[in-house]
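Since the structure comes first, as structure tokens, the remarks are kept for the end.
Residue numbering begins at 1 within each chain, and the chains themselves are lettered A, B, C and D in the order written.
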């Protein structure tokens, strides 16, 4: 029972909550698409393409979040995985229980946010960029020794994930310069601010969540470069 | 002929059987889709999208199962590969023969289960989650030194694989919390138990198969954490 | 000019020829699909899905062949890459020239075979399995120290590649056990032999090409296991 | 402020500009497709397939460019990432500002080139091959120790990226031998020169940009082989 007294334990539970919130918000955004443009008809015509989109969105979501949160909580993000690891005697019953509760809470919170926001551009751009910058900061964290695969591929898949979530709502910015270039050339700068505000706030939030909540840094500034 | 007397040999043959059963069940599920909704018409309209779905499903199935079973049997899962490795003098004729028989048996078993179950939700959720939790436990097995790529990507692809198998039948749960969040917000909790029972049983079964059949653990509990 | 006298140089040129032949045969098979079923209409309706299929087929073809042949020739498989590496002073002008000639010859040979075979099942199953077993043998070759990514993922992508090439012609076997299971359960064993003969010959050919032509083994049998 | 005086700093800013130019040119090419063939109707019919294409194109673009430029500038290619890394105290405010300006300039330049070239074959073949050969040279650069994933996969994804950009305009050559084989067999050698000139110039340009601008080599020729 000693683990319950450690900050690392509660950071792990928080990671399961944050991870599940992002996972469900992004996954459901990819599933529902933008209602306003009659996408339900499109889904009927393009049933198999929609299956591909959803399968890839959930695959990339787990690949990205496991990369970003794996060293904090193990990134189970799934009660069946927590239970399997309990049966395999790799986590305690207490950790299994707290993880499952945090996962359920995160999933409910994401569903509620999605229900309320109804595809509002700022929230989607904010969360889609948050997961990207979180992935970048986590993958390039020099304190980690557990990043074994290709960091560029991990970050690329995170960009793909952002598109699956946001593309049918905002066309997917998650990158102000990418939105700025074509907008300037075509002189379409109306409502352009949302492609700066959403991603920039997402980038700041990701840095704060990682550096203060999930994986606090104790190094001095000069060591980090 | 000494290898036939070792447990490792028969564990490898069992791994080829289990792997082939999962491979064929999941692959065929992705191919046939749900008959009840007239998917055959959809396939006619979306021939190339269906080709993409099937190609990706089989690719992810081999990527996942080779990751999960490679250290047990080599994860051939294909008589042509077993024969090629025999010709290349990397396995004995006896191992080649036993592998091919186990592969054929696994393929027949999977086809029979699929034929009988007719897309029943529990079996699909059970097997789709089993392969995911098997992948998680195998990829994070600290006893292995042969996991060279990105574990998060491997697990993400396994999630994608589960979706290819289950999405047209059950919408793909394989994660009770992911099913719970939207169901609670929309108050659609009817038949919700199948999204808990199938995945949870799959998670338990994966842990038992890995820890007792394929790769028995001899460490004490404290060492495993 | 001394490199022209070495076996390694000519093995590299042969690897460029073999690699280009497989690359073009598989890529073009994915592009044209099976004419007999009126796929041209399908392509008109599914233009973007076709683009996805072709892009992924070529991407997986290079990923697989670079994995299989990279240690033999560098796996340029592209005159623009050979020229770029010459400009970057990483290969000699002679090697650049011989590679480009071998690449052009391989591309012409593949186009000619495809033109003559007109989608005949045996040739497609043979070549699609050949690239898979070549990938398996090359990726698991214990003499190599340059396989840095995930071997299971590399093999999975090779399976996906086989499907992109063969799926519209033969449904893609490239795995006799996978074809046998459903065929037995559905009692559809007519013409079943092609799903054994093509892949089995492909597996044998891959082992012979790798072990004798591209990367001759000098170890004794006992060391290879 | 000392970093502003180093060549490495300005090489990094140049890398952000070049990377952003390639990123936006390729991404937008994938989005717009070829106007002349009425692709807008296709996009209406294939909305979800188009979303898949765009999401994968941007994912592969970041995966490829981060692999090619990561060791030069960090390959942010996104103001939100630069800002997030500033908040995380990993880059200086000056670097953040210069990167964001270079990113915006690169995005505007790419949009302008695309607007002027209107899908002209040479420019697309040139830039699509340039990113491929840049990726090959960067990934196989023996001076680097930060290439952790699979180089063959990285190069394969770069080929896929080239196809997403070019396929609806030129059918995607980016490989003269691949274009030559079928053209010779079908005797379709008219306008064939563009499939040699574009990729060959792209290959040469990539070698020059990498070896002289981004990552100057100081070794002698004999050491490079």
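In this section, a contact is a pair of C-beta atoms (placed from the backbone, for glycine too) under 8 Å apart; a residue touches a chain by one contact, two chains touch by 3 or more.
Note that the structure is predicted; figures quoted are calculated from it, not measured.
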| item | value |
| --- | --- |
| Shortest walk length in steps over touching chains, chain B through to chain C | 1 |
| Proportion of interface numbers common to chain A and chain B (over half same, under half different) | different |
| Between chain B and chain A, distance of the C-alpha-averaged centres to the nearest whole Å | 26 |
| Length of the line joining the C-alpha centres of chain A and chain C, rounded to whole Å | 36 |
| In chain B, residues with contacts to at least two other chains | 45-46, 49, 52, 56, 60, 147-150, 153, 157 |
| Of chain B, residues touching chain A in the complex | 33, 39, 42-43, 45-46, 49-50, 52-53, 56, 60, 129, 132-133, 136-137, 140, 147-153, 155-157, 159-161, 163-164, 167-168, 172, 174-178, 180-182, 184-186, 196, 199-200, 202-204, 206-208, 210-211, 217, 221, 224-225 |
| Residues of chain D touching chain B in the complex | 49, 149-150 |
| Touching residues on chain B, where the partner in the complex is chain C | 20, 23-24, 27-28, 45-49, 51-52, 54-56, 58-67, 70, 74-75, 77-81, 83-85, 87-91, 100, 103-104, 106-112, 115, 147-150, 153-154, 157 |
